[in-house]
Amino acid sequence: MIDRLPALPAADSPLAWVLALPLASAAVLALWRDGRGAAWANVLSTIATFVAALALLVAPPPPSRLFFVDSFNLYLVVLTAFVGMTTAWFSAAYLARGGEPAKLAPHHLRFYHAMFQAFLFTMLVALTANNTGVMWVAVEAATLTTVLMVSLYRTPEAIEAAWKYFILCSVGIGLALFGTILVYLAAQPVLGDGANAMAWTELMPRAAAFQPDLLNLAFVFVLVGYGTKVGLAPLHAWLPDAHAEGPTPISAVLSGLLLNVALYALLRFKMLISANGATLAPGPLLVLMGLSSLFVSGFMLYRRGDVKRLFAYSSIEHMGVIVFAFGIGGPLANFAALLHMAMHALTKSAVFFAVGLITQTAGTKRIADIRGLTVSHPALGWGLVVAVLTIAGMPPMGVFVSEFLMLGAAFARHPLLAVPLALGLLLAFGALLLRLQSLAFGPPSLAPGGNGPRGVTLLALLPMGLHLVLVLVAGVALPAVLAAWLRGIAEMLG
Amino acid sequence: MLIALALAVLPVLAVLGLAAGRFEGTHRLVALGCAVVSLVLLVAGAGHLLGGGPPPAMVLPFGLPGLGFHVRLDSLSALFMVVVDLPAAAAAFYTIGYASHLPERRRVTPFLPLFLFGMNAVLLADDAITFLMAWEFMSLASWLMVVSDHRLEENRAAGQVYLMMALFGTLCLLGAFAVLAGPAGAWDFATMRAAASGAAVAAVAPLALLGAGSKAGLAPLHVWLPLAHPAAPSPVSALMSGVMTKVALYALVRLLFDLVGRVPWEWGAVLMVIGSLSAVLGVMHALIQDDLKRLLAYSTVENIGIVAIGLGLALAFKDGGEPALAALALVGALYHIVNHATFKTLLFLAAGAVQAATGERRLSGLGGLLKRMPWTGTAALIGSLAIASLPPLNGFVSEWLILQALFKGPSLPPWAMKFGVPVVAAMLALSAALAAACFVRAYGIAFLGRPRSLAAAQAGQHPTPATMRWSMAALAFLCLLLGAIPVTVTDVLSAVVVPLAGGPFQVSADLGWPWLSPVGATRGSYSGTVLVLVGLALFAIVVVVAHAFGAPRARRAEAWDCGCPEGLLLPETQYTPQSFSQPQRRVFGSTLFAAVETIEMPEPGARPPARLSVRLIDPVWDGLYRPLFRAVAAIADRVNRLQSFTVRGYLLLMFATLVLMLLVVAWRQRS
Amino acid sequence: MSALLLQLGQILLVLALAPLLTGWVRLVKARVQGRIGPSPFQPYRDLRRLMLKEPLVGDSTSWLFRAAPYVTFSAVWLAACLVPTFAVGLPLAPAADLIALVALLAVARVWTALAGLDSGTAFGGLGASREMLIASLAEPAMLMATFSLSLVSGTTQPERIIAFVLSGGVGIEVSLGLALAALVMVAVAECGRIPIDNPATHLELTMVHEAMLLEYSGRHLALMELAGMVRLTLFLALIGGVFAPWGIAPAEAGPLSLLIGFGAFLAKSFALASALAVFETAIAKMRVFRYADFLGGALLLGLLATIFLYVSEAV
Amino acid sequence: MGAGQIAYDIAHLIGATVLMAGLQMLYQRRLFAVINTFVFQALALAAAAAWQAHVQDAPHLYVTAGVALVFKAMIVPFALHWLVEKLAIQRTVETALPIGWTMISGVGLVALSILLVLPVTANAAALTRESLALAMSVVLLGLLMMITRRNAVTQVIGFMALENGLILAAVSARGMPLVVEISVAFSVLVAMTLFGIFFFRIRERFDTLDLADLETYRGDRT
């Protein structure tokens, strides 16, 4: 019985550190005056968080009443901590370059760093929460922090984007809460009153006994609710604007991490549903949402003139593919989708790093105004080429492998479903290639060289390189440990 | 082991190429390295091909845990390694001299080794993931070289179309492999071979045709070839056209003959039809092109079509329980693959030399090059005669074999074959004859007569670099050799096809060495060797006798041209490419190629010649692809409205989704 | 040994006979048209005269222009050595079947066309273009005829076909008739006779084959002319041999049967030649763009020939 | 047992009142009327929470009731009134869908939610079908209000009506831990403050609250 467990993890357990570090540093950074120093303090704290997350791998703590760690969320915690770290690094170098975000007043910068940490904190809480309510609160809080960061520039566009983001996600989150309550209602007769009926560790084993009809209703609400945050079409509207108008490092974490966290929440509920055999199969709904996201984003990509929006839509596309794969189900598809979550997080954030530097250098986000980067800025341009080709699923990168496995599983299990998937991928690929060629090739539109000292630019390029190397390694030689780990999770997902 | 080592060198070369920067020497070095590596691979492949022995296989500890990268070198792979690396070596060697002519050196040299790496890896792959990874990698590397001269809009467009078609092909192949692998995801070929069931074939065959066909350039998926091949620098176009298409055919053979046990004859028939269509369509378009490299690309479509005919026939025979004839058809197809790899590479290299010397790719700007570039001219002559399938060169032997197989086609029970095969044979014959016309035109206009432009007139002032000359000479010699000793080649090939065709077969069965007598001496026989010897003897006699009459030596004078006045015999009075192919355009009409002719007549009595200009569009492009793009654009416009809803609109969407799902649940709970 | 002698004999025979046959055609034609006409031996004299003349070569031409006559001639000659004329069982026969024969003739044609283009004049190009158009339809037609022959007789080897026909294994086949028709039409086209081309024309615009030779003179012209004559002989021998093989001497035959075979060959050749002459007089040359219809017809006939085979089999 | 039965009946009565208030909100044409109806709904909600606290003798639900009473029934309405005054918003509700249709669809939604909970067997859930149906209807009606009303104030109210539905469900779920109400209150609080900030920004830039003006940019400017 979970009531006997302590509410919080023991102070000496790494989990406590993983959660406490961002919270504390958020508080500290909120008061830190000097912007430059704050940026690097930010980096240090994220490094510490990442180390703590790694420690979790070694010594996974026992579940507490509100928090727990299993292989699934551990995977995402490590990923989140890592990308958080590299993004903090990038943002430090990015701010040091001056340019676009220089118009930020010092207090805004302070606010920015504090919010960055707070954002990390909320995501980590959402991932490790053992309580559906806590998880919900955390996701909501993540929304609020990012809303503030999106509106950071105070431009009308930013305000509008944040407004859209806030309204849509609050409503979505409200629906998600209703779903959560329904799950409680389904569980309460079996698990009795109180926190039991909301604790994952208690819910999962007893899921079979729950009232299936309630679970059906619950899943619909959760799907629409958390699906909004995942950015599934047609609930995706907030995503491109939020990505486009906020500071680029934030776009990177939004795409790379927040979407994963929301997806994690969704998947937890799916696990519950599949654990209870009697419900309607959740698969078809997921497949449907996945395909609609894939195609909507695929077509949208052709009409994008704003480079950050372009890649925001590509995030929608990838989320669609992942959700599709989970909908197909089966160990192979789940494995592939889990792998793809990580690959997409790493690659997409790398893409946004590149895009950030490019927009900063070019002073514009309009694709039409940026041409021939490989000529004017070889390192940046070729970096973009590699990153985009990677996200487009070209070998020998990890994205290729995960997409290969997903398609393979789809073809093997439901060939007729695989055809639209393949077509959708082709569609999106065409658009990305079109934009990539006009960005990277052709007569250059920018003067060589850019703002900020060269060294800083290299420093800013390093995280991208790191991500791409990791993706490459995953593609060429996926570590056996990781594979085994993912297989385990895939089994859990059923 | 040797192979692995050689392959491992290639990425290093790529890095070197990246580092090369402005130093021309380094670029040359990389090219040389590529040449050496290809030679090594060539030797290794040939060694296994001739030496035989069990196929060496191993699993590299990379890729997905539990799967790894399976590699295996069986006789088929070995054969294709020869097919790939022989032209590759020539092209790379050629590049050493060509490096100074490369428009964007730094965007080519790094990717050339990677391209070679990809192609060889495809041949060695023994599981689906490795295969497709290498396959896509190959496309990627070649794409980078297609867009290497990236400032030209048309090249970027070509790159766009090319890579999209490549991905399309990959997706289709992926589907084929996935169906073979089954839900369990047994990706390695050995398991697939064992598990291949009749049910799966129904899905595999079409997917394989689409996948490999799009890469090989079978109609109507050929549109990217004439765009991409001219865009790339000549040595690369040579590799793409002469070699990469062969890799695609390898995929087809591997899937349909090896992995899938037995394909129903209908698919063979389909392949034959597609092949004959590609052959005729390809050559007809080649016949009317003005751009030399585009012409060559279209002729690739034709030759791939010929090979496809052979493969399809082999499938049909195999299913019809005639392994011997299947082997014959397959040998013919493989022979043609080898031949096309040699002469198409040769011709592209020659085109590169011409472009380097004159800066011209349009036939209408060339002429009289044989006098100015004797090496290139002679090599190109041999290549043209070979691709026009004239004896005693290699092109003829393979077409002869395929024709012989076709002539036995009606012996198959299905009536569709009885009536269809003659038609296919007619198409094949037609395409062969048209190919002759096409290359008479191409060669005659580019290399013979008098120069049609100043650049052409001044060609040959800078002699072609030795490396370029030698690589062309080597390929030309191969064209002769492969034609002169056909039996030796067919014996090697028939060893390769035994496991694929499902039966042993000696192509030169009963007459012995120099006589090629496939279905038995009574059936029909051919001997390139004898023809060469007797022909040379007669030629010698003729020459001797003709001069023995003691007539004076030939004297040079201005051409007569039915009494054209002195000095008025301008080069413009010669036939232009357009006027040469005008009869064919008239005859085969605007249906096959929407040709729009415009004639600009000078004033009566004015000096300038009348000009006939022709605009050509591939109807497949207009009929199939353009509408597709339009549709995508239209839908994109519609969908794009989603971007400009109000918040209320988005909420409405959310609300609708929710209510819809709830309705679904309600409905499902009822039922 | 004797086989080798026979082969040698044929090699010389076709060469020796070719001008005579051409002369014969001209003579018959003249007579039919009511002229006296030249002696059938006139071509020999013409050739000799040409051989002795000094050849002129256009100054823009390359070595190919001068090599072409030799290559063309030896290709045609080689082809002519391979078709059975008066005896079968020649040692060279297996070196090439009908397909290879077609290809050898193609070699000659291609070199001629290239030479035409190399002359660097308008007429050379004109001739080459038209010649290749004709060829691109004539060759397939001939191959289809071969196809139907091989379906009937199970071989593409002229000798074997003859043997098969002789063995009486074949009655009157519709398809054989069609194949014959196709072959004749092709022969007319290949030898540049009316209605496709007029060997005696002096109007440049109607020339096809002649247009390519305009720049040639002296021995080059002689070789080209002779090549044309040999080609005519070849086709007469082929048609005569395949469709009326009677009298041809079998392999390892005694002198008598050889003699008979020789006589039969001469008779057939001259008969066919006369027929050709009459035919040529009877009809007019057609416009360039009608070639396609004519030869396309031949192609279709060949195709029909194969199809008909099954019809006759099926019933 | 009878007492329990009565307890449930009263709970349903109050729940029904909340729902009625929701429907009435759709019906209102004037801004202040809408706000007042919302106050009424909040009061009903507070009553429901209090009653549940009494029935389940779960004292923490009194807190919820208090939050609902103080925050939703007093502070928010005042704030809204103040905003309307300060920003001189026009007092009539601009509807995107005619009132009649809105009502009809509202009734349709109620029907749908009843249809959905029918299969839920009464003893299987901690909450009777009726309350579940009521809560779900209120949520859906809130959403409906957000999409059928043009100006921001009404949308905010719709949003909070939606949250009322959530709380109604939460309080009537037996033994549901406090965490939910806190979170809801928390979110509503933050929501309000954010809205306030937004309105001020918007106030700076546009002199209206009509969202139509806010959404002039709509993403891509290509």
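Order as written gives the chain letters A, B, C and D; numbering starts at 1 within each chain.
The working rule: a residue touches a chain if its C-beta (ideal position, glycine included) is under 8 Å from a C-beta of that chain, and two chains touch if they have at least 3 such contacts.
The shown structure was predicted, so the numbers you read here are calculated from the model rather than taken from an experiment.
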What are the two chains with the top count of C-beta contact pairs?
B-C
Distance between chain centroids, defined by C-alpha means - subunit B, subunit C (Å)
35
So, in whole Å, the Cα centroid of subunit C is separated from that of subunit D by 99
Averaging C-alpha coordinates per chain, one finds the centres of subunit A and subunit D separated by a number of Å equal to 31
In angstrom, rounded to a whole number, how far apart do the mean CA points of subunit A and subunit C lie?
78
Could you pull out the residues of subunit D that touch at least 2 other chains?
116, 119, 143, 146, 155, 214-215, 218-220
Tell me, which residues of subunit B touch at least two other chains?
643, 645, 647, 651, 654, 658, 662, 665, 669
Listed in rising order, subunit C residues that touch 2 or more other chains are none
Which pairs of chains touch, using the document's own definition:
A-B, A-D, B-C, B-D
If you look only at subunit D, which of its residues touch subunit A in the complex?
116-117, 119-121, 123-127, 132, 135-136, 139, 143, 146, 155, 159, 162-163, 165-166, 169-170, 173-177, 179-180, 183-184, 186-187, 190-191, 194, 198, 201-202, 205, 214-222
Contact set on subunit B toward subunit C in their complex
367-368, 370-371, 377, 381, 385, 388-391, 396, 400, 403-404, 406-407, 410, 415, 418-419, 422-423, 425-426, 429-430, 432-434, 436-437, 440-441, 443-445, 447-450, 511, 515, 517, 521-527, 530-531, 534-535, 538-539, 542-543, 546-547, 549-562, 564, 569, 571, 573-575, 579-584, 586-587
In the complex with subunit B, residue positions of subunit A that touch it:
163-164, 167-168, 171-172, 175, 213, 216-217, 220-221, 223-224, 228, 234-235, 237-238, 240, 280, 285, 296, 299-300, 302-303, 330, 332, 372, 374, 389, 394-396, 400-401, 404-405, 407-413, 415, 418, 422, 425-427, 429-430, 433-434, 437-438, 441-443, 476-480, 483-484
The residues of subunit B that touch subunit D in their complex are 643-648, 651-652, 654-655, 658-659, 662-663, 665-666, 669
Taking the touch rule as given, give the residues of subunit A at its contact with subunit D in the complex, in rising order.
131, 133-134, 136-137, 140, 144, 147, 151, 154, 156-157, 159-160, 162-164, 166-167, 170-171, 173-175, 177-178, 180-182, 184-186, 188-189, 192-195, 197-198, 211, 213-214, 217, 240-241, 244, 303-306, 309, 366, 368
